[in-house]
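In what follows, chain A forms one complex with chain B and a second complex with chain C.
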Partner chain A sequence: MAEVDDSNKPLFAGLSDVSISEDIPVEGEITVPVGPSSQDDAYSTLDEPVKETILRDLKAVGKKFVHVMYPRKSSALLRDWDLWGPLLLCVTLALMLQGGSADSKEDGGPQFAEVFVIIWFGSVVITLNSKLLGGTISFFQSLCVLGYCILPLTVAMIVCRLVLLGGSGTVSFIVRLVMVVASFSWSTFASTAFLADSQPANRKALVVYPIFLFYFVIGWMILTFSPSS
Partner chain B sequence: MISASDGNKNTNAEPWGGFDDNLIQGSGSAVIDMENMDDTSGSSFEDMGEMHQRMKEEEEVAEEAAATEEDTGDDGEFLGMKGFKGQLGRQVADEVWQAGKRQASKAFNLYANIDILRPYFDVEPIQVRNRLIESMIPVRMIGFPQKVAGELYGPMMLVFTLVAILLHGMKTSGTVIREGTLMGTAIGTCFGYWLGVSSFIFFLAYLCNAQITMLQMLSLLGYGLFGHCVVLFVTYNVHFHWLFYVLWLVVGGVSTLRMVGVLISRTVGQTPRLILCGTLAILHMLFLLYLHFTYHKIVEGILDTLEGPNVPPIQRVARDLPDVATHLVNNTVKSLGISLQAQ
Partner chain C sequence: MAAADDLRFQEFDDAESLLAVNREATTISIEDPGSKSHKPRRVAREKDDDHSLIGDTDSDKTELLAGQKKSAPFWTFEYYQTFFDVETYQVLDRIKGSILPWPGKNFVRLYVRNNPDLYGPFWICATLVFAIAISGNISSFLLCLGRPSHRYVPEFSKVTLAATAIYSYAWLVPLILWGFLLWRNSRVMNVVSYSFLEIVCVYGYSLFVFIPAAVLWIIPSESVRWLSILVAMCLSGSVLVLTFWPAVRDDHRRIALATVTVIITLHVLLAVGCKEYFFDVQDITDPASSVGNLAGNKTALAAKPQ
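Right, the complex of A and B next:
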């Protein structure tokens, strides 16, 4: 680098010899273009209230919930993925399934962990499978879609708990069965709609099968759930 | 100092094009690579595979460039200092590059492994379907080694299906209590059987000089689990004793025969064939019996102790232990209790 400096030196050394005659005004206005700075202000989230930040994130999550319930051809779930929604859904589902094992002498600890692990381990397996089959989707995008698509099953879980409050007879079982089957097919359909485009056309069936199995196991857990009396 | 300033200069110009500079080539590229590696550790995990590839290419380019530089000779003004500095710089850069590469390769391991595994998952749905059907058709062709597809998609999915079926069976037989542990047991059992027995048979095959690779063994045994899946799925939902035994003999037997046929065609000599196929057949058939019966005994015991209030809403009838036996046990316990009270 020393060489570069040396070679530069004579260039700038010549400048000191330049004389500027007095009548030419050496002054002017330095203007900074305003556009970029205002844009920075618009995107800056440092000085906004915390409430706004949280609300914005919640709004983004809510928007994706709507996307899952209305599985249109849209890339919003894929484009800006986040894992907040899946975490929220997963924790909700696991907490609601928690009461199921309270009738044993153990305190039901495994249940929460079990649901949690099934959901995350299952989605990781599905994602790896889709990557191995030559899918073009990225790892976290797939996790995001699979996580958000648990939403119908979580809704089914809430309904099941409400139905179970009324009692657990044949009627309530039929209601829960219908609810779970509907939400299970909804979940599978929605996630397939989002993920299918990223797969080679001839291998869709191979990708859909593990997704089907994954939601089937979760749906089964919801259906067989019985609160402790 | 040298490499740092050089690196800065290069990043200012263009992230990857540090080779046109007439200064020290190696150091420039190495520093830039390191910087970019650090950048990727955060968000864009996806690009790492690509970057890995690109870095490899770039390394080659750098070497070429260095070679050509040596050929053309240094410029006159740099002749004295540059030669020495260039050598030192290159040496340092090499070390930095090596260290960086080692670190990076750890991070890339996951993706590298995926690429290694990809060929084994290269199947079409029709192929999978055909292989599933073929796994139930024993072929009696001993003279010529039968083909075994080295593929892992089908076996993996069958093992996961078996896990799900086991879970289903455990739940319907009334195991709300031990759910967590049973979940782990289901996964452990299925994967343990698949991997464990495949390795064991592969080891035996190695001893018996059979011509089969580990991959083929995994695929063979994996598709052999299709019969298990079918049998267990049926018998967990339809509770007849005779049905299970018939299915066990027919479906389980057929899928076992298929594997035995393949192994026989790939082994030479009577004794090795007997050892290998006998072991595999016994293990495979007993595993199905084990899956059907073992958990159920535990469940039965727990249900007996809990009695009544804790049974789940859709509990099925206890199917595997004959009623006579449970009555007998109950009666003896009762009579024992009465006799104890009397004393």
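Right, the complex of A and C next:
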């Protein structure tokens, strides 16, 4: 198609013949956004004081606690998951549940390791169950939600211990029962609000039931706690 | 398109007419008719094999379908997801079928139907473990109400023991039974062998009826406990018998009867063992005598002023 004498012409020689019609706008701005796209680029977090690091993590944990106590449709718990909160809650609960009867010969209440294992192993099993049923939530997000929703039960444990200081009669039992039932339903409701959306509609009950069983068992351990006197 | 026509089911004639159909669709080079004539004949033979397999007994068809389902390799996550391919109403249906056994209705054929799941057996066993442990705790707590000197201790090691016993029953006995059925299937042609997962499914769902029975065991009355255990054993035992009797009845009479007897005996052992270990029997007589004494004293005191 090209003639022989075209190759003797210099390159881009034909560009001078190109004309652009007036109604095609060819002006604009090409800029590359300068500046840190994430916080880490602005300054390294290695240089900040330790207090700031700890406070930032504590604030994140505290914000998630608020989300659990007032469960709303927010994705903060799922998006920025962390396992500090569940660890804190689990250790607190296990310490408070320990040593129901340390001085008796027969088996007493659950030991620290047993509570720890139940909470973490139970969370892992429930997460695996929801993933095997086809859930779209990731493994650690689900662990995070299940761990954070133990918060109402931990609060109930603290209240139960305070009530038990005043005596262990029938009245205190009824008060403890009401507290544990309320916090157990709160926990189940809060975690269901976060986790049930990731499942198809015809399997929601299959996912909710193990969560119900998990918090029921933890509530049972709290209710049957009797301090060594 | 001619390619779509090839995929539709059609009666296969001899090779020449097939080649006449295929020629314009699939050929690039026509210089080797020998290799091309192999293909339609091979496809025809495969169709014959499929006919012979599907036209055979029900069990072979189920074997074929069961083999077709698990296509992912066993080290991927999707392989295990195929065991949880159930919906809520299916699980509820299977639970209903395990509570209400009907003579002539085989649990595996009717409810499981080539879709065995692991959700039901696993969570029913977990619920049963906690139901037994919790009601054992409650019943001993109720016994302690009559004797204020006896302090209530939640016995936590019972949970681990109950878990070990129930889970090993629900998984080891199906393993043994599956191996036994496979062995008999190789000896006697008509013995139907279920797949391992189907046997686990039947055992898991048959344990469901013990959960309300365990809750009823809280009531501190021996007659109520034995009655509930009898009813539960009858229901779940009949589910198992109705499932496995059609499988072994074509075998020698003695072996079939022995198999079914062993299944029932193991089931009875589990139920009675759980009840005896987790619910102490000898404590029941003491509160009754102490309550009787108190009642006797009260009536004596009430009778005195008069």
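Note that the second predicted complex is superposed on the first by the 179 of 229 C-alpha atoms of A that agree within 3 Å, B and C clash if a C-alpha of one lies under 4 Å from a C-alpha of the other, contacts with A are read in each partner's own complex, and residues count from 1 in each chain.
Keep this in mind: a contact is a pair of C-beta atoms (placed from the backbone, for glycine too) under 8 Å apart; a residue touches a chain by one contact, two chains touch by 3 or more.
These numbers were taken from a predicted model, which means no experiment stands behind them.
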{"item": "Simultaneous placement of chain C and chain B on chain A, clash or fit", "value": "clash"}
{"item": "First, second, both or neither for A:T127, with chain B first and chain C second", "value": "neither"}
{"item": "First, second, both or neither for A:T192, with chain B first and chain C second", "value": "neither"}
{"item": "Partner chain(s) touched by A:A113 [first = chain B, second = chain C, both, neither]", "value": "first"}
{"item": "First, second, both or neither for A:F139, with chain B first and chain C second", "value": "first"}
{"item": "First, second, both or neither for A:T154, with chain B first and chain C second", "value": "neither"}
{"item": "Chain C collision site on chain B, chosen from 39-47, 75-83 or 219-227, when both complexes are overlaid on chain A", "value": "219-227"}
{"item": "Footprint overlap on chain A, where chain B in one structure and chain C in the other make contact", "value": "100-101, 104, 109-111, 114, 129, 131-134, 202-203, 205-206, 209-210, 213, 216-217, 220, 224, 226"}
{"item": "Of chain A, residues touching chain C in the complex", "value": "100-101, 104, 106-111, 114, 129, 131-134, 202-206, 209-210, 213, 216-217, 220-221, 224-226"}
{"item": "Residues of chain A defined as touching chain B within the complex", "value": "1, 3, 100-101, 103-104, 109-111, 113-114, 118, 125, 128-129, 131-134, 138-140, 168, 173, 202-203, 205-206, 209-210, 213, 216-217, 220, 224, 226, 229"}
{"item": "Parts of chain B lying in touch with chain A, wherever the complex brings them together", "value": "2, 5-6, 45-46, 77-78, 81, 114, 117-118, 120-125, 128, 153, 156-157, 160-161, 164, 167-168, 171-172, 176-181, 183, 309-310, 312-314"}
{"item": "Contact set on chain C toward chain A in their complex", "value": "77, 80-81, 83-84, 86-89, 91, 119, 123, 126-127, 130, 134, 137, 141, 151-157"}
